[in-house]
């Protein structure tokens, strides 16, 4: 089905973006502007959020001449696009996907709608699932682990930022049997852009600046996604407690992970395990002397991980840019895998 | 009229605050908690913003046990208060003031309603003036210059943050004839708390953080207030161009002022002029080696000023905390003057 | 011995500060400026850091007229002070304390020198202990738990910021047997002022801004202090893993604590346990609806705590201002207890 | 001389970087990693700053595998490079340039050494000039105005950040005779990265955060550079007062410029003048509704400008990223012009 892309004819694949006015839309536009093999041919949005992209993001003047126009499936189909990128909220995404697939586009979806395998689990955390059919075929877009499925997938569910950060650190050491797969604590922090672009008093500058705050104790929707991804990758039943915090910075995410070693384990063993897992992965870096810090990954698609042993426990750290490797950068990485481009195209 | 205050009987004056849920309300509550001679006896607000103060500001738990209750003039009057502090928007303030004065309270008003002497000027920048009668008697609450009127005033118009910052730097050197009173440029910056507590995308953390931005070119309502205050103090007709900017920090304000020297003037002359003006003023500090910087005044009621000559022009700087010397600290300073307390009480 | 203080004669105790040029020195000066019963009569420092206080902190002009003069025990003794406050590094503190006590002063020491009961434990983390004699008599300055000893102590070891924050959250629930006292994880974050005032590339603004970073895995010197304080208060052997992080803000500290419940425990039980412990403590607030956040405690001496149960584990949070309740505010609180003042004097 | 570049043979020009460990070095490495026609083949530095690039910038792991090795002219020459990029301090730059030119390399110099035409003027602000010969041939690297000279230049003096920002706003309106060329005030602010990477107390995070501060009154070395660039471009003698300030953010620069109109001038005229000047320039954007703000240009090579009339004066604003359009991005733009690449290559 994907053999006759426009790429064959014009040298570039044609991409449409649905939902350009949020932070993730902005980031993907910047990545595509740097990408030699993909061309953004249309941007679609809902009533009330239409107009030139630079009206939403003055940053985009002279960089992206497109307008966000009203989303209509037929209009999207008429552009002859190869790929639709969906930066829309959950529930909206699954109302768009069937028609897009039907029209022959491949789809990368930023929302949670196709991430959880089990519709019942999805419905517990979100809302009724209206497209279980395509849920079954969706590939989970963590290319370090699912590249093979992503390569041929029609529909890729782009992972959440916290699950990406957590999974990249934990998966190798759980798979190698170095830590117990249950009773893990994930203490995570995120920059405020992770909360999206809609204003609210909680995110008002004077309320957030010089402020560090926990939220969502035991209730964050990314927790089941982490457990699912880790269990699928490692073949073990993984159970963890995830606790997020808001940190007074724009972007960046860091997870501090606490686990029980499975038997006698050294920091060196853990580090070697991570290094073996990621030696040939372009966007995961294993830190040794220097610990992961958000700034080393800001405005990049890298995820940095490290492992230590302290007081008989295993401590892992992972850091990434929540808008890039945690969202739009990863989506472009998925696109690169799907269309056979260099995995790093548009991402340095 | 103000001779028989409750102070005489109980040792403390009784203060009511109208409008406790914004940033200036919060700051005045903290100042009063440190003040040995004034007691906050009631907090009033509008429908929809009622409840324990700690529900608006978790900061106030175990510090301020009061509830914000619905504003009704009779309820205020029944508390036997000596002073009403009004942290409410312009237009609302002048709808409350007549009844409060009638009930025998003295009033300090944070809004712009009683700042501009000329109702026509007020109406040009704001809205129709509904209380011109009391406008005439209001004292302009800049205690460094109007302490005598403030001491006996029933109604004090607490100045704007930008006018306070600008006036304290310019008044002495204009009055002394060291600079030309016209053609002055005031380039000002403010922390984001100056915009109030209401959320809007413009003040959303990821939009403001790492962002510096001008606004209100030629249209800021503080411009006529500055010109009026400076003209009154100096006896000259002062004309200036005021240009504000938003700076990515919570609080703090800095004005960089550019003026033409009146004849040959040195930096030393300017500095001596400022020093003479403020030697006995507890909250204005004249800087010499170190230039004013917002942080030196943050969380204090100080205003720092300095003067230099560069390339044939006079450059002055002034800095203060927009919520304290620029608002609530100055109001407490006015209260101290009105009731004969030490001018610094509650303000260190 | 402490019965004839200068307070008896002049109405105010006389305080000397040793080490005024760091952030904690600055904060204690501000607290004392607000304090009606204590007077700062001298400030002492080392060679190379002498001069008017406003030369170190332009903030202090017109607020603190004192100069920092060379520390000499005789000079201190000659001031007839009641109390010496030591904001000096560890090792220096214990070289000063014997002479100060000898001269009849009471001492509050900010450093770690008198915090760990066991000299051997101290020497493992710091350096050889040169004053074991007074180590034995030092009171640990956490007034919520050791007020009785502090009241009559000659020497008070002011706790570390992290131990204060951690202990106030954990002590009641461990003492009540609600959580297991071992295997606790303390994930902590601090504002950058916690690292002191000495410049280093690690703390250079562009390196720290927009950056969140873990440090000191398994090696932070506050870990044994926490375990000691908690064990002493609760009578249980407490064991925890402490992991600090640097957060891009000036001040503030937040600990996220993860523990195993001892049997079946609900969030309500934990909250009630905390409320019972702190109902009559002026500076500890138990949060219920709103979680602790650093900003609610910034520029105050409060510590906010809260408890929840999530996925079968107990999660506690505690927040404070690292320079106040975590250092200088707590020292003033200790002074208030030592001299029989209202515990909150100078601290609102 | 430049006709036989390596580009002809390998498809990419060969670039060496001298001085990779500062912020501008880091930025140019990132730009080159995105550039399809230039290859970084060597990085050189001084004794004491040698080693893998990721040891200076953990950000560069898996992105730049090079080591910074000791700078020796012969070693540089042996790499067969087409271009040397010098991110070294003034004085050092002019000690390196003659040998590099001699070896047949073209050179872009970030320092001030070749910016001021007149050696006497240079020596007044910096130090004795040791290479007046090449000073005469250097092109001033502001491609919007000097592209023709840059295209064939052996040596390009990359402009300072403040001069770039100021000149792009003022040049068209002075050249068009819309404002008086003298008596201009340039009130400028910069993010802290503009001060470089060397730690100092002034740039210590807790000193700079929440702090806004003026510096260098009448003494900043960029002032003569602005006057020279503007005078050269416009053919008028331009005189301005430049006043910089430090703003609590990583990166970004904004100039607020105040000038006297030359006769009757409207905002529309000014805007049209700017639009005409920059219609075909890829990196200068003329703002109309929205004013320039630093964030719209952060992490980009754009400079945004706008003009207004207020109270009889002309007010212009310009904003850019001090490390990109103000330094390394502009250098890459110059490289693109020098080697005939698309002007935007590597810069989106």
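Which chain is which? They are A, B, C and D, in the order written, and residues in each are numbered from 1.
By our rule, a residue touches a chain if its C-beta (ideal position, glycine included) is under 8 Å from a C-beta of that chain, and two chains touch if they have at least 3 such contacts.
Here the structure is a predicted model, which means the values were calculated and not measured.
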Set of chains adjacent to chain B and to chain D: A, C
Most remote chain, CA-based centroid, reference being chain B: A
Distance from chain B to chain A - Cα centre to Cα centre, in angstrom: 47
Chain centre separation in whole Å, for chain D relative to chain A (CA means): 35
Multi-partner residues of chain C (each touching 2 or more other chains): 191, 207, 209-210, 248-251, 293, 295
Touch list for chain B against partner chain D, complex: 185, 187, 189, 191, 207, 209-215, 217-219, 239, 241, 243, 245, 247-252, 254, 256, 258, 291-295, 298, 308-311, 313, 315, 317, 319
Interfacial residue positions of chain A with respect to chain B in the complex: 23, 191-193, 197-201, 203-210, 248-251
Residues of chain D defined as touching chain A within the complex: 30, 33-34, 36, 57-59, 61-63, 210, 282-283, 285, 287, 290, 293, 295-300, 302, 304, 348
